[in-house]
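Order of writing sets the chain letters: A, B, C and D. Residues in each chain are counted from 1.
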Amino acid sequence: MSLQHYLVISSILFSLGIFAVLTRKNAISILMGIELILNSCNLNFVAFSRFITPAESIVGSEVFRFDGQIIAIFGIVLAAAEAAVFLAIILAIYREFGSIRPDEVDTLKG
Amino acid sequence: MEFTLKTFIFYGFALSTIASALAVVTVRNIVHAAFALMVTLFGVAGLYVFLQADFLAATQVIVYVGGILVLILFGVMMTSGRLEMRIHIERGQLLLGAGISFALLMLLLTVIANTPIWKNLTDDGTPLSPTTERIGQLILNEKFLLPFEVVSVLLLVALIGAALISRKEVRE
Amino acid sequence: MVVSLISIILLAPLASFAIFALLGLAKRNFPRQDYLSTFAMLVALGCSLYLIQEVVSDPKPLTVEWLSLGSVTFSMGFYLDSVTVIMLIVVTLVSSLVHIFSIGYMHGDPRYPRFFAFLSLFSFSMLFLVVSDNLLGIYIGWELVGLCSYLLIGFWFEKDSAANACKKAFLTTRVGDVGMFIGMMMLFAEFKTLSLYGDNGIFDAVTTLESGQIAGLSIAGILIFCGAVGKSAQVPLHTWLPDAMEGPTPVSALIHAATMVAAGVYLVARMFPILTPTSSLVIAYVGGITALVAATIAIVRFDIKRVLAYSTVSQLGYMMLAIGAGSYVAGLFHLTTHAFFKALLFLGSGSVIHAFHAMHAHHDDEHTDDAEHEHDDHSLVHEHGSEIPPDQDMRNMGGLRKKMPWTFGTMLVATLSISGVPFVFSGFWSKDKILAGVLGRAMEWNSVHHYILFSMALIAAGITAFYMFRLIFMTFFGEPRNQEMHNMAHESPWVMTVPLIILAALSFPIVNTGWFNKDYVKPPEQHHVSAPQHAYVSPDTKTADANFGFSLFGTSEAEAAEEDGGNGTTYTDDAHYAVHKLAHNIAMVLSICVAGLGILLSWMFYQRRTFSAEGVATTFRPVYNLFWNKYYFDEFYDGVLVALTVWKSRLFAKFDLSFIDGIVNGVGKVTRDIFAAFIGFFDNRVVDGLVNRVAEVTWAAGGRIRKIQTGAIQTYLFVVLGGIVLIILIFRLF
Amino acid sequence: MLLSLMIFVPLFGMIVVLLLPRESEELIKRTTLAFTLVPLVLAVVLFVSYDRSSAGTQYFVNVPWIDAFNINYYIGIDGLSVTLLLLTALLGPICVLASWRNIEKGLKAYMALFLLLETGMLGFFAALDLFLFFVFFELTLLPMYFLIGVWGGPRREYAAIKFFLYTLFGSVLMLVAMIAVYLNSNVINGVAEGARTFDIPTLITLAGTTGHALADSTFQMWVFIGFFIGFAVKVPIFPFHTWLPDAHVEAPTAISVILAGVLLKMGTYGIVRVNMAMFPEGLDFFTNGAGFWGNSLALLGFINIVYGSFCALAQTDFKKLVAYSSIGHMGFVILGLAAGNSAGINGAILQMFNHGVISAMLFLLVGVLYDRAHHREINGFGGIATKMPVYTGITTLAFMASLGLPGLSGFVGEALSLLGAFQEFELITILSTIGIVVGAAYFLWTLQRVFLGQLNPKYEDLPEINRREIMTLVPLGILTIVLGIWPNFALDMFSESVTNLVNALNGI
C-alpha cells in the first residue's frame, strides 16, 4: 500500500463531498458532504505523516510520526464543533423559513 | 505488489468506503444516506488502522459514528418531522455539479500521479505503538499543548453558540 | 492663653453654624439650635470678659502666614488691644442678649433654627472682623457680616419688600466695599503688605512717608472710609439701613444698630494712624451731614422701626464726626454706649411689635394676597413707599405704658440716654465728650471747619432728643389710637424682658463707662504727618484725656481731670489743656440746653398738643416733603443709577447679541453666500458634475451587477469551485 | 508612568465602554464612573506627592514619537499643571454623576465621548512637546462638538458648529505660529544648524538665548499674537466670546460643567505655558510697551470683566447668565496675567482653579433646577427657597463664592489678581472693580427672582435636591470653602513655578 493509494481514495472522497455540496437540495445532505470532505482531509494528513517523515522529527533514534495524527484529531474535534453549529443554524433557519432548502433561503439576493 | 490478506482487506476497506460515499451522495432517502455515511466513516477508520493510527481510528468511530452521525439524524428528525425525505435534484445543477467534481477529481489524480516524490513510497511497516501514550504526551505535555487548549475553548464556544442559536427565541 | 481664648470666642459660634449647615445637607435640624447658638454666644461672652485682664499694655499682633507668593506674604492674625476687647465684649454681650430675646420673639417661626444659625454665623464674622490685625482679615469679616446681614434681612424672604431690602443692603454696601478694596490696593501697592501692626506693618511704614506722598495717603484713607460709608450707612450710601428694617427686629437690634453698622466706625478708628488732615475732615463732614440728614428724616417717620433706623444712621454719623475731628476715644465711647441703648430701643420696639403679634399674622395674610397679584413684577428697581405694617405704625399705638410696664420703663431709660439727659445716663457722657472734643479743636485751632462741625453735632443732638421723645409719647403715652390692637397687646414673656432690663442697666454710666477711664483706651500714637498745612487732627493723648469728663461714679469734670493728672499723665501745654477744659464746659451747657429744648418741644407737640404737628407740616410743606421723601435719595438711585445700570446692561447685551454675534454670524453668512457662491459654481458644475457622473455610473453598474448576487449558497460554491478548477487548469496547461 | 497611566486610563475606559452592550445602561454608567475615578485617585496621588519646594518639571516621560520631525511623547507636570489636572480629574466623575439620569439617548456613545474628552484634557495639561500639546488641544474639540451637537438643546447644531468653527479658527492661527516656531527653532544668528524641535522647555531656553531666531522681538510679537488668538478663543476673550453663551445654553449640564470648568482654563493655561513663558518679549510689548499696546492685554481683561458682567445682568436665561459671568470672571485671570508680577499671576492661576470649581457648581445647580422645571427662564420662578431650602443654601454658597465673597475661594483669586494688576495698571484696575459690584448685582438679583418672594404656585411640589445631586456638589463646595480659608493649599503648588516665571519675565 503506497502513499498514492491513500491519496487516490481521499481525492475520490473529496470529489464526492464536493459533488454533494454542490448538488444536494437538503442542508443536511450538504452537511454530510462536508463530512466527507473533512474525512478525506484527515486521511491525507495521516497518510502523509506516515509516509513522509521530515528530517527534524527524528530525534536520536526515535522517529516521531504523530503530527498528522494529532492534526487529524483536531480535525475531528473541529468537525464535531462544526456539525453542532451547522445543525443549530439549520434549526434556526427551519424555524424562520419553514424549509432547509438552500435555494429557498435567499434573503441576500441582490 | 504481492496480493496478501492484508492487501485484500485494505482494498476491501477502500472499496467499501468509496462505494458507501457514492451512496451518500446519490441515495435519495436522506436516512439511507446517513447510514451510508456511517459505512464510509467505518471505512476510513479501517484505513487509519492500516496507517498505524489505532487511537485515531477509535476516535473516528466514537466521535463520528457515535456523535456526529447521531446529531445528523437528530437534525433530520427535527427538520422534516418524518424520517423519509425525498431529495429533489435539478438536472442542470446535477450535471454541472458532477462536471465540476469530476474535473476536480481528475485534477487531483493528475497531481498525485505527477508528483515525483510521492511515487513509490511504501509502508516500511515500522510499528508506532503505543500510539495512545505518545499522543497523550504530545497533546498534554509537549508541543501541542497550546493548540489543544485553543481547540478546547473553540469547542466550548461552538457548543454554547449552538445552544444559543437553536434555542427558541424568548419574546419579551 | 490669649490665642486659645480668641479661638474659642471665634470657633464657638462658628461651630454652632457649622452644625446647622452640615445637618442641613442631610435635611435635618439640630433639635435645639436656639439653645446651642445661645450657649455658644455665652461661652464667647465669658471668654471675652476674661480677656479684659489678659490685655497687656503693649499689644502685639499674633500672626500666622496665610499666603506667601514669592516676595509678598499675606499673614492673618489677631491684634488684641483695649479697643478690641471692648468691641469683643460689646458684640458678645449684645449678641447673647439678642439670642435670648429671640428665643421668645422668633418662637413659632417656621425657620426658627435657621435664624439662630445665621445669628451665630454673624457673630463669628463680626468677632473675626474685630480681632483681625490686618486689612485683608478685616475685609473678610467685613464682607461676611454683609452676607449675614443679607441673609437675615431677607429672612422672611416671602415678602417682596424683604427680598428687595436684603438685595439693596448687600449691593449698597458693596459699592462702599469696592471703594475700600481700591484703598487697600493703593496701600498694598505702596507698602507691599496689608498687615497693620508689627515691624513691617502699614502703621509702621506710614511714619516714614515723605510729605509729597501724603496726598496719595489721603485718597487711600478716604477710599477705605468708603467701606465705612457703606457699612455704617453714611450719606450717600445710607438708604439701605432703613429698608433693612424688613428683617426680624432682633436682627435690627444686633446687626443694624449695635454691631455691624458700628463696624464702620471701628474700621475708621482702627485706621486712625493713616488718616491725614484732609481725609479726617472729609470723614467728619460726611459724619456731620449724615447726622443731620438722618435726624431730620426721623422726625417725620411713623414706622417705629424706621424712626430708630434713622436715629441709628444719625448716631453713626455722630461717631464718624467724632473720629474725623480727632476725638478718637469719644467716638469709640459713643459706639459702646450707643450699642447698648440702641439695641435696647430696638428690642423694646420688638417687644411692642410682638405685643401686636396676632395682628402681624393677620397682616401677613393680606400681604400674601397682594404679593400673588404682583408676583411676576420683580425688578432691580426697588419699590418705595411700601405700606407701613400696622403693627409697626406708631399711629396705631399710644397708651401702652400701662400694658407693657417693663418695656416702657426700659425704653424710657434708653431714650433718656440717647437724648443726652445729663449725668445719670451714659449717652449724655459720650455725646458730651464728642461735642467737647470738636469744640475744643475749633477753639484751639480757630478752625471754621470745626465750628461748623460742632454746630452740626449740636443741632443733631437737639433733633435727636425731639424725635426720640416723639416716639415715646406716641407709643406709650396718650390714649390708645387703635382700640382693637390695644386690647390685644400684652407684656412680653420674661425671655424678652430680661434682656431689656440688662440692657437698660447698661445704659447707666456706672456699668459701662469704666473702660474709657484710667487710660484703658488710648488713641494710637503714630504721627506720620510732620507739618500739617492747617489743622491736622493730631490724635493726641492730652486732648483725649482732658475730654474725659467722668469717672466710674459719674463724678464731675474737674475731679476726673485731677484723677487723670494724678495718674501721671503729663500735660506739657497748660494753655492747650485750658482751652479744652473751657470747651468742655461750654459744650456741656449747650448740649444740656439743646437736649432740654428738644424734649420740651416734643412734649408740647405730642403730649400737651400746644402746637399741632400737622399744622406745622402744612405750613412748611416743601420742607416736610423733603423730609418725608428722605431727600429723594431713593428716587435718585432707583430712577437714575439703577435704571442707568440696567439700561447699560441691556445695551451691552443687545450689542453683544446684535453686533458682535451679528458680525460673527455675518462673517459666516458672507462666507456662505458670496464665497460659497463662487466655490459653489465650480463645485456644482465641475467637481460635483464629475462626482455625479461617477455616482451615476456606479449606480447603473450596481443595478446590473447585483443580479449576480443570487443569495443561493450553492451558486456561489459553483462559481468558487469552478474558478479553482479553471485556475489550476490554466496553471497546469501553461 | 503614573502620569501616562492617568492620561490614558479614560481612553482605555472608552474602549471598554464601547464593548459593553448598549442596553445595560447602568453598567455603562458605572464603568464610566470607575474609569473617571481612577484619574482622580492618581491626580490626588500626584498632588500629594508633588515636590512643592521645587519648581521644576516632575514625573516627566520623554520617548520619541515621530522621529522624522523630532516630535516626542514628552509629558511632565509642574505646579500649575498638577493643579489643573486635579481640577479636571475631579470634574470627571462629578460630570458622570451629573449625567446619570438626564441623558435620554445614546448613553453609550455619550459616555465614550466623554472619556475621550477627558483623555484630551488631561493630556493637554501634561504635554511638554508643542506638537503633542496641539494634538491634545484638538483632541478635545471633536468629542465636544459631538457632545454639544448630539445631546444639546434645541439649537444644538448651530451652537456646536459655532463652537467648532471658532475654535478651529483659533487653532489655525496657533498652528501657523507653532510651525513658525518649529522652523525657526534651529536658526542661530541667521544660520540654520542642527535639528529642529518642538520641545517646550528647550524652546523656552532658546527663546531666551541672545541671537537666536526665537529671541527676536518682532518674531516673538507675531508668534505671540498667533498663539494668543488661538487661546483667546478658548478663554474666551472679547470679541471672540460669542460662541460661549450659545454653547453653554445648548450643551447638557455635564458638558457645560466641563466647558466652563476645564476647557476655558485650557486657554489661560496655554497663555501661561506658551505665550508668557516662551515669548517674554512679545508679552512685554503687550503689557509693558509704550502707549496703547502696552495696556492692551490689561484692557482686554478689563473689557471682559465689565462687558461680561453687564451682559450677565441683562440675561433672563439662567444658564446664559452663568455663561456671561464666566466671561467676566475669566477677565480677572487675564488682568492678573497681564500684571506679570507675583501677586497677579498667582491670583490669576488661583482664579483659574477657583473659577473651574465655582462655575462647575453653578452649572450643576442650573442643571438641577432645569431637570425639575424644564426651563431656565429666571423670571419664571420665584420663591423656590421655600420648597428647596438645601438647594437654596448650596446655590447661595455658590453665588457668594462667585461674586467674590471673602472666606470663599472666589475672593482670593480675584483679590490677588486685582492687587497684582493695580501695581501695573492703576486706572484699568480701578475701573475693573465695577465688575465686582455688577457681579454682586446680577447674582443677588437672580437669587431674588428665582428663590425669594412668594412661591410661584406652578412649583408647589418641586422635589428637593436629591442625594446624588448633593454628592456632585459637596466636593466642590468643600473645595470652595477650604480654598477660601486656606488658599495656600493650592497656591503652594504653583507659587514656586510662578516665582520662576516672574523672575524670567523680569530678566533675573
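In this section, contacts are C-beta pairs under 8 Å (C-beta built on N, C-alpha and C of every residue); 3 or more make two chains touch, one makes a residue touch a chain.
Since this is a predicted model, take the numbers as computed values, not measurements.
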Inquiry  = Under the stated touch rule, with subunit C ignored, which chains end up grouped together?
reply    = A, B | D
Request  = Please compute the C-alpha centroid of subunit B, do the same for subunit C, then give the distance between them in whole Å.
outcome  = 99
Inquiry  = What's the distance between the Cα centroids of subunit A and subunit C, rounded to whole Å?
reply    = 95
Key: Distance from subunit B to subunit A - Cα centre to Cα centre, in angstrom   = 6
Note = dist(centroid_CA(subunit C), centroid_CA(subunit D)) in Å evaluates to 35
Message = Among all residues of subunit A, which ones touch two or more of the remaining chains?
response = 18, 22-23
Task = Scan subunit C for residues touching two or more other chains and write them down.
result = 714, 718, 721
Ask   = Which of line, ring, star, complete and other names the graph you get from chains that touch?
value = other
Ask   = Of all possible chain pairs, which ones touch?
value = A-B, A-C, B-C, C-D
Subunit D-facing residues of subunit C, complex = 21, 24-25, 27, 66-72, 114, 136, 139-144, 147, 150-151, 154, 157-160, 162-164, 166-167, 170-171, 174-175, 178, 181-182, 184-186, 188-189, 368, 371-372, 375-376, 378, 380, 645-646, 648-650, 652-654, 656, 660-661, 663-664, 668
Message = Under the definition above, what is the set of subunit D residues touching subunit C in their complex?
response = 162, 165-166, 238-239, 241-243, 307, 310-315, 342-343, 346, 379, 382-383, 385-386, 389-390, 393, 396, 400, 405-407, 411-412, 415-416, 418-419, 422-423, 426, 429-430, 433-434, 436-438, 440-442, 444-445, 447-449, 451-457, 464, 470, 474, 486-488, 491, 495, 498-499, 502
Ask   = Along subunit A, where are the residues that touch subunit B in the complex?
value = 1-9, 11-20, 22-29, 31-33, 35-36, 39, 42-43, 46-47, 50-52, 63-66, 69-70, 72-74, 76-85, 87-92, 94-95, 100
Note = Counting only contacts in the complex, subunit A reaches subunit C at residues 18, 21-23, 102-103, 105-110
Ask   = Can you list the residues on subunit B that touch subunit C in the complex?
value = 93, 96-97, 100, 103-104, 107, 110
